[in-house]
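Look for subunit A in each of the two complexes below; its partner is subunit B in the first and subunit C in the second.
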Partner chain A sequence: MSLLAVDDLDLRIARSGQTLLRDVTVSIERGSIVGLVGESGSGKSMFSLALMGLLPDGVEVSAGTAEVAGRPIFRGASRSYDTAVRDRIALVSQNPRAALNPTMRIGKQMVRVLRQRRRMGKIQARDEARELLRKVGISDPLRVERAYPHQLSGGMCQRVVIAMALSVQAPVLIADEPTTGLDVTIQAQILLLLKELMADGDRAVLMVTHDLAVVSSMCDQVIILYGGQVMEVGPTQDIFHDPVHPYTRFLLESLEDHVPSADDIGDRVTESSVDFSLAGCRFAKRCPFSTDLCHREPPLARRSGTRTVNCHHRGVS
Partner chain B sequence: MSPLLQVDDLVITYMNGRRRVPAVRGVSFAAEPGETIALVGESGCGKSSTARAVAGLEAPTTGRVRMAGHDVGAIARDPKLRHLVQMVFQHSDQSLDQMWTVERIVAEPLARMHRMRRGAARDRVVPALAEVGLGDEYLTRRPRDLSGGQAQRVAIARALITRPQLVVLDEPTASLDQSVRSRVLALLQRLQNERKMTYVFISHDLASVRRIAHRVAVMYLGRIVEVGPTAEIFRNPMHPYTRGLLESEPRVTPNEPWEITPMRGETPSPSAIPTGCAFQGRCPLAGPQCAAVDPRLVEVAGGRLLACVKKD
Partner chain C sequence: MTTARMLASARPRRLARLCGRGDLGLRLGLLLLAVLVLIGLVGPLLLPDPNATAAGQSLLPPGPDHLFGTDRYGRDLLARTVAAIRLDLVLGIGVAVAAMLLGSLLGAVAGYLGGIVDEVVMRFTDALLAFPGFVLALMVVAFTGNSLVFMAVGVTIGSMPHFIRLSRARALSERELDYIPASKLAGSGSGGIIFGHIMPNTIGAPLIQTTVTAGWAILDIAALSFLGVGVQPPTAEWGTMISEGYSEILTGKWWPAFFPGLFMLIAVLAFQLIGDGLSKWKNS
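So, the complex of A and B:
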């Protein structure tokens, strides 16, 4: 059974009725890392905010269901966020310093969370905090627990945030651009840490990122998002090896180590910003294969084996 | 061919209170007309300070930066010469004046440097925009109406309208989406081929560097640790830091899972650089002589320079 199961989720701006995210379906098994990939304006961060109950005012869940470890995330007719699922989902975000309290020493912040969320006593919480800091690769936890966030490097702060995410023992971890802004050697350390933490198979990670190389090296499954619409879903190796959706093909052709071929479509993809009022496929304006149908109606998900393609014309055969 | 750009023993030191913090600790390199040299490295390596000094925006503490024999500081101050050096920044959406139209933004260097009137300038602005793939309809737009890629194209058009010989590109694609980045890099390459400009390309993104640079200089804590032709650096990195950097970079390898091999430790603070080799604390090869000897950048093969006492 999936740890995180999202079915046909829609997000819209309440006032205008404009759909920001359309029919997003995500399923993550225990022990697996799924990548949600998209460029700016794809709605990938809005999706993770929805799962955390942190949607900005005026944006609402207008359709669909979501469950984490068997418990519904949105309740009632208004699909309001059920705060009881908070300890089942932890977030590791792009700016680790902003996630930490700047006026409180690291140790105190961690002890606080452990005492509140796991009902630990003072001494027990302190020992557990040290243990967690060691677990995320911090060799001198005594120094780190006495430090304030501004005294630590970005990579160190991100380790602390990951330790705090682990401290609530949430089965689902959302890593929203966890290494964007970090240096490449530190990024490698953090990615390896996330991978190692997955090794016991108890958790599931949703990795939200714009970086295809990170996805290719970390994720078992990929969901490609464009303009708030899922374009293609499948096992990472298959998608990178044999992309089907025109947008996925275009995206992979733009990679620096792409070897040009006669089948490339990149030059025929026009430039245009995402139009959220579009009734049809969100990529139709740019797509070299689009027809009237594409502009008129949103594409349905065509499934075949482990892969799904949302395109009127190019379903997996 | 004599180099267009010549950087000799550049040192830049900032004051932090009363403490001197070295950002650039003796950097030398040269670049030919039509060549792209990339300065790569992580935060604190001094690449952006070097870039600013090359563009004449920052005075060296010691050392010299010369272009075609002239000091760049003097070029930047000379109204007749300063059009020869231009710079493109990372956040073009923020570095462009939000209140101005695209036409005014792109024409400004002409007005400022050549005292050109608006009508005459327009005859240059329209083809300059066309060269970066933007039509006449963009003349009246303002930065807020532009996407990140379009804003970067406008910044490039603005930098190139004065026909510079040297362009400093400071992370020009870092804030762009993957598919947009690829097109901006292709555009920069095409313009360079047409005009034989010299690019100094600052980046932490190795994939972009591999695509656009002819030569790469790898920097660590204010020094160049390795220089060489791009293909050779990527095929056979010699400095342990270069190796660690390349191995840390995630790659798209559809047929084999990438084994993550991180380099240990973090870059020390520029105010606490160890004596001897600055990299010794993270280096897998470090030995006693690394703490004793501060390695100099010396030629080890044709066109390849290395600063490491452990070289074979």
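So, the complex of A and C:
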């Protein structure tokens, strides 16, 4: 059963009618980690904001359905956000320092969440908070719970944020670039920790990132997003070894350890910013293989086994 | 030493550093205020009744019996000026704190909620700002009745706009930080977020503004009392004392108006210096 199932979700700016996300379909099974990859402005953050009901003013869900643990997220004709689903979603955000209230001690912040979400008493919540801090690898929870965020290192703050995300026991965890603000050694520790914590397989994790290295080490599945449109979906191994969509190929060729070969397309991809009012494929302007059809009509999803490619010309063989 | 204990000892040390090695203005301001408060607390116990009149002793110049001289009714000016410290400081600080609490709350609510609430609160603030606080207080008293309480309310309302603007501006930037959506996701309502997160994080600037406002409030209160609004004679208050004494200046008897004016100056100066010093310290 999919814990998170999003079907043909469209987001648009209400005033101008531009579509920010088009036909985004995501499905995450219990126990799996799915990477949502895309460059800046590809709409990956908008997507996670939509799931949390935190879209900025003027951006609305214009089509599609979404369910988290079997409960619809958007209700009614206006597709308004149902705040009741918030207890099924937890967030680990990009900047751990900004994710904690600078004027409140760590312990108090955690207790607040536990009391709100799990209806715990004060003492019970305090004990649970210590237990959670231990679980995320903090060896002296008594010190940390008395500290303010500015007294902890970035890595420690991120551990606290992860502990808080775990504390609500939500079936779906959204990790929005969880390691971007940390230095490399800490990144590895945090990723390892996340992987360990998710090993029990009770949750579905959506890992939003632009870091392909993180994806390849963490995720079972990858969704490649460009210009608000899904380009390619598939198991991580398959996508990395045999990219089908021109954009995916271009993306992988940009990696440092890519071995140049004769059929590289990198040199032939042109530079152009994303045009959100375009009718056709969002990548058409840059794609070396694009035709009139690509500019005119949005590509349909071509499915084959575990993989999906949204391209007029390149199906999975 | 554990971090916890370091934390515990860091706080007084920080305060000591603030008072001891802080800039000269701040130290002078704190010193002036401390002296004023001390005189205000102890003085009335040692001095004669500020309202005791003495026939035949009117308008005595400053001398050994009456250090500040006496007024038209033979009342000791030192006793009256010192007795007024309590009233004026309590009123000034009370008004400033009330304006700070109400103004910051309104500003935080407006900044966090945005939309129509923000519009309404900010237009209301603009309307308030169109009048000088003093005139606004005069209007409140004119509409509600001439009493100390309504005067204090009037000055409070007149002092609020600055706090509203300050805390709204801070709330606007604060609500964009990740911990606000995270807290929403964790089930906090608007009230919980405003009181638990927005207010504690935006209160710094309004707190500093409070000291300066206390000075202004004392000036406003004295000015209103001078006009006969709010504090009424024979209550000892700097404004009313100046108003009783200023006509004597023409005949060369300067002391009935001079000493209350001097104390008022010291009080306002003290608050101004503290406010300046604190904002310098905060921005350094």
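Everything below uses one rule, namely that the second predicted complex is superposed on the first by the 317 of 317 C-alpha atoms of A that agree within 3 Å, B and C clash if a C-alpha of one lies under 4 Å from a C-alpha of the other, contacts with A are read in each partner's own complex, and residues count from 1 in each chain.
Simple rule for what comes next: contacts are C-beta pairs under 8 Å (C-beta built on N, C-alpha and C of every residue); 3 or more make two chains touch, one makes a residue touch a chain.
The structure displayed is predicted, hence computed values, not measured ones.
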item	value
Contacts of A:Glu131 with subunit B and subunit C, given as first, second, both or neither	neither
Per-residue touch tally on subunit A - higher for subunit B or for subunit C	B
First, second, both or neither for A:Gln187, with subunit B first and subunit C second	first
First, second, both or neither for A:Glu297, with subunit B first and subunit C second	neither
Touched partner set for A:Leu212, first subunit B, second subunit C, both or neither	first
A:Asp275 touches, of subunit B and subunit C: first, second, both or neither?	neither
Contacts of A:Phe250 with subunit B and subunit C, given as first, second, both or neither	first
Which superposed partner A:Arg117 touches (first subunit B, second subunit C, both, neither)	second
Subunit C to subunit A touching residues, read off their complex	2-4, 7, 114, 177-179, 181-188, 192, 196-197, 200-201
Subunit A contact footprint on subunit B (complex, rising order)	42-43, 147-149, 177-183, 185, 204, 206-208, 210-211, 244-245, 247-255, 257-258, 260-263, 266-267
Complex contacts: residues of subunit A adjacent to subunit C	52, 54, 57, 86-87, 89-91, 93-95, 98-104, 112-113, 116-117, 142-143, 146-147, 151, 161, 164, 168
Partner subunit B, residues of subunit A touching it in the complex	39-40, 153, 155-156, 183-189, 191-192, 195, 210-214, 216-218, 237, 240-241, 250-257, 266, 269, 271, 273
